[in-house]
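Consider the two complexes below, in which subunit A is the common component and subunit B and subunit C are the respective partners.
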Partner chain A sequence: MPPSQAALVSLSPAELSYLRSTLLQVPPIRLDHTKGPKDFRSMRAEYDVLPGANGSARIALEDGLEALVGVKAEVEKSQWRPTPAGRASRLSVAAGDVEMKDGDEEDDGQGKGQVSWVEMSVEIPGFRDDDALPVFLASMLTESLLSSGELKDRLYINSRFHWKLYIDILLLSPALSYPLALLSMTTHLALLTSRLPALKSEKDEDPLFDDDWDASVPLYPKEKGKGTGSKPVDRPPVIVLAMAIGQNIIFDPCKEELAVADAVLAIACSSSKTSSTGSRIISIRTIDPPSHLTPPGVPNSMNSATGGVAPASSADALTQRELLATSGVWTPPRGGMKRGLIGQVVKMVVETGGVAEEVIDALQAIEVG
Partner chain B sequence: MPISILPPAVQVPIHDDAAAEDSDIEMSDDENDFAPTSKKSSHNIVTPGETITTDPQWMRGHGTYIPPSSTTIISTVAGTLHKTNKLLSVQPLRARYNPEIGDLVIGRIVSVQTKKWSVDIAGPMLASLPLSAINLPGGILRRRTAVDELNIRTFFSEGDLLVAEVQSLHSDGSASLHTRSLKYGKLRNGMFTALSGAGGGILSRRGGIVRSRRQVFTLQTASGEISVILGVNGYIFVSKHTEGKEGKETSITKLEESVSETLYSSQNDELDPGILKEIARVSTLIKGLVACGTKVDEDMIVRVYETAVDMEAEQVSMGEKLIDTAGGPKGVVQSVLARLQGGS
Partner chain C sequence: MPLDTSIYPLALLRLDGRRWNELRRIHAQVSVQAAADGSSYLEMGNTRVICVVLGPAEGKDKGQRGAREGEAKVGVEIAVAGFSGMERRRRVGNKRTSEMQHCLSTAFSSLLFTHLYPHSTISISIHILSQDGSLLAACLNAATLALIDAGIPMSDYLTACTVASSASSSSSDTATSDPLLDLNGLEEQELPFLTIGAVGEKVSVLMLETRVRMERVEGMLAVGVEGCKRVRAILDGVVRTYEKKFG
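Moving on, here comes the complex of A and B:
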């Protein structure tokens, strides 16, 4: 029986209240007490796991969440498009172009790549592929991937052919917690290690590729200089999940921690272009935490089974709840996130030596080592 | 260090538990009497439907099946193969809890019906807790009334955790629970942990909770007493110890008051930060113990907890790193277990 929704919270009001009180401590006591607020769940990662794919990666978290990503590239015939020179006459011509109508944004300065050249599918066990969660996850991942425009330009071969990139994301375990961060990191690793065959043909010839896999070029090109600091010029983005509870900010929350969150942010970031340290933000999205859907706890004073008096009407119950001063009763959080708190999260992510840099460097280190 | 990414684990050779632990078992030495389907290299792990042997001299045990009119023994579960003389049994890698009468279990209310609750006890089927099997407020062994039926949600509602005992088993294997004791009832002031794996059962030798004499015990910590409830079904609750719940005997006349006061409360007491930290530590250690494939019982938890506290204190005073926090709970427990084995 597949669950209809994304992992409904099934914690008792007493547990929710308890979890909240632990996470509100300064510093917060997390479910895994060895972890600090900025610590990620430890994970095991490997790449090049699928022999038939251009790039693949698998990451397993310590709590059993596991994702597998395969990147497959195919040569596809491009739709005829006007050359950059004939750009002036384009508006009149493009009216009949099917591809243009698909909500594709205007291309960037280079004007070669198209958004439809990257196709992403997210498969989560227990969910249909048109369920809200996989669709939402896929769109968030694609959005951050295509935002820079450099990836799609790299898929251009010549005016008649291009690479089509299929990114298949598979969550191997049930969606125990919100899997966005894990899927994003796995996709990052898979793309980082993807390679395309080297092109031998020239210009507008039919594409001919070098069949020597050793000669293949990485999808995300590395810097020319060989040595220890062979950092890639551009790296795919990565999404980190942060949650706020009271004044505390916690990264990479697990399922139980999400269940008591005040607000959850998904921050997509990639390595900074201008300097070698720090990172830049691509997008920030708020995610509705499941805590809003939890039922409130019944205080002893309103519970007839504990010697209290049950309120006569629902209006009466609401008034009594508002006046409630005791801390041990679970009340679902209301409202969103304060601006100051968002600023604080952003700072923690992008600063030099911040969370984003740590994550990107850690993923980079896997490929190197 | 906020993030730690490790290379994939190398395959751990599964040592044969039977050979290591039970010396009284005679192992079959010659591999020749086994069909070629069971290769030695595969660590004796079989999958459902895999033919174990076609030789008629073997007897089938747990987790195996012989199709009618054949001598082939087929595995029905995914697990490790065990040979006891001429008996073949497969110990499942993961199994659901099989309830037995008298087991102390922790459950979570899944649904509320007119006269009973359905409780998730990690078994193959939901258990039921009839309204007549709980202590009703306002008097011992009182008959349930129509009012109680209407107020059924004030006792337990969806999501609530409770500790109960298996009272009876139905013919389909589902269990019926009761909480007619002051030891049982709603759980609060603490943290819930679930273990997966072969909970209970005779075959579970690696990991999981063992049926034992004491499944509810208190742990002395620096900031107060913590009570740990180990449900046989693999559900664990670590909470602040409250006086009077057990320990001192409540007289039969006082029963009424103690029942009506806090038994069905879903409000937590005031908890000081010290005890919150210790509760988190204990439940993390239990998770680590399971990840290491160690048995979880009172003795083990107490020893690991005390050593972990000692090691942390040493780490603070000496300034050297003794506990490996990068590997999560498993890493911590591994370093603690290494110390325990080195010391004893």
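Moving on, here comes the complex of A and C:
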């Protein structure tokens, strides 16, 4: 995916080279030197901030990046679509062979949800709706949200009606660094705290809802009982951003760190279903880091002003740069990420007590506490 | 649907239980966002607004770096969030927001000391998160707070509120026609109202979009100016407590 224009930083080649060399240390010295490679930026989060939405959340990071998400659900008429089971029952009715079905089977919307029932929009100041950045961010977030299929099935009311879920994401501050991780965390919190009115009507009646908000059901149902541990059964996914530089892996990079990254990965993960610890990967995407667009430095040996010899042709310049790649003069990184490194990132994310579990549990703790 | 006008004369209480001259709860915060030069968050009842001020800085677009010779340009952008109303809507009311933008921009161009910042732009961007009446008034109040937070000199607070005339325009009995202060969304739909913005005692913004009887306007203005004074006291309190905490 293309890098965003907004993520460009104005650092000189010398500054970029310095920043890279500090990040290459073992352990890496980050721009905020109090942070280790796995540390996230501190944040202030709150939920239920809007009176007129089914769920909402606002997260502000320490560097001023701030996002607000509002979730709104509306009842919509479903288009009738023939299903194999439905057609079979119709045929048998036509043949005069009326069969009573079990009511339970029909009422849970297992596999009946549709992708179009969730609509997401991302608004970033300074960007139009149809610019590449908001569109990519929205599609990445929707993709990970719908991957499990459980959310869209929960929007099923009966064969004629369903909930339509609108998720509106606003970035309130200018896009200082790549905002994907922040938007995903805010969406996670908003969805986790979203509630839908309780249904009073039965089966295929026109839906009638309980007007008592205290009786409403959470969009992501929680396990009943067990006292304090009211963990939701299923939780929305969260996307973490990881960046590789040399052999080092750094999570939640800031704008300047992204400007010297070798490669950037966006990893969507959700809590694991089988065990109570650890998490599972939903998708991995590479993101073209803004470092690819930084201007290269000119080494002394290629600069006629400092006693070097300027290369005669551009091909010549390329070979000379190739030889000088390790000399400390800044050259924009090329190529991707080694498989071993990707494996390492994935392991750090999904393992028990890994980054993903930590983030998901932290967001859960906001709601509980 | 004369919902309010039929009930009001009986108990002299409005739909949400307020008297004629009571404001809704106003809650405000300044400096809510670290990345901006100035920012504020304002709640007037269920109307919620976030305002972010960037600048004074060199304008981004070529050709309009500063407005007129020797004065800063005040640019206003209002974004209405899709989830702000009762029903979710995409891109709400373009005409209405552009009118509000123009209103804010002219009001603050005359209020701020723009001559101190030649060839620069002060951009105010407002996000409307939830709307329940008095939208323009909330935008004006939030922008005032954010501009104060940004440290841009101005002569006084510009505070705003709405006033309605309680009796419908056709009824003739003047005894029960109190002006009502600070309307919520339902009242705004039913009653003729005006939005008034005042700097000190002077009226600086006045917007009247509905028909109202001539003789009622004076009373409405008087109540409005009084309401603006009270809003000013509240906003002043917000700024001063912030100063004490972090100043």
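The definition used in the following text is that the second predicted complex is superposed on the first by the 333 of 369 C-alpha atoms of A that agree within 3 Å, B and C clash if a C-alpha of one lies under 4 Å from a C-alpha of the other, contacts with A are read in each partner's own complex, and residues count from 1 in each chain.
Heads up, the rule we're going with is that a contact is a pair of C-beta atoms (placed from the backbone, for glycine too) under 8 Å apart; a residue touches a chain by one contact, two chains touch by 3 or more.
Because the structure is predicted, anything quoted here is derived from the model rather than measured.
If you put the two complexes together on subunit A, you find that subunit B and subunit C bump into each other.
In the superposition on chain A, A:S173 makes contact with subunit C only, while subunit B stays out of contact range.
Of the two partner chains placed by superposition, only subunit C is touched by A:E74; subunit B is not.
Judged by the touch definition given at the top, the superposed model places A:S121 against subunit C, while subunit B stays out of reach. Which of subunit B and subunit C touches more residues of subunit A: that partner is B. Of the two partner chains, subunit B is the only one that A:G307 touches; subunit C does not reach it.
By the touch criterion defined above, A:G52 lies against subunit C but remains apart from subunit B after alignment on the C-alpha atoms of chain A.
Using the contact criterion defined above for the overlaid structures, shared-chain residue A:G336 touches neither subunit B nor subunit C, since it reaches no partner.
After overlaying the two complexes on the shared chain, residue contacts for A:E62 are found with subunit B and with subunit C alike.
Annotation: subunit A residues 60, 62 touch subunit B in one complex and subunit C in the other. Only residues 49-53, 56, 60, 62-66, 68, 70-72, 74, 121, 123, 125, 166, 168, 170, 172-174, 176 of subunit A touch subunit C when the two sit together in their complex. On the subunit C side of its complex with subunit A, the touching residues are 32-36, 46, 48, 50, 52, 54, 77, 79, 81-88, 90, 125, 127, 129-130, 132. Touching subunit B in their complex are the following residues of subunit A: 9-15, 17-19, 21-22, 25, 29-36, 38-46, 58-60, 62, 251, 295, 297-300, 303-307, 310, 326-330, 355, 358-359, 362-363, 365-366. Chain contact summary for the complex, subunit B toward subunit A: residues 1-9, 108, 137, 151, 154-155, 157-161, 186-192, 260-271, 273, 276-277, 280-281, 283-284, 287, 291, 323, 325-332.
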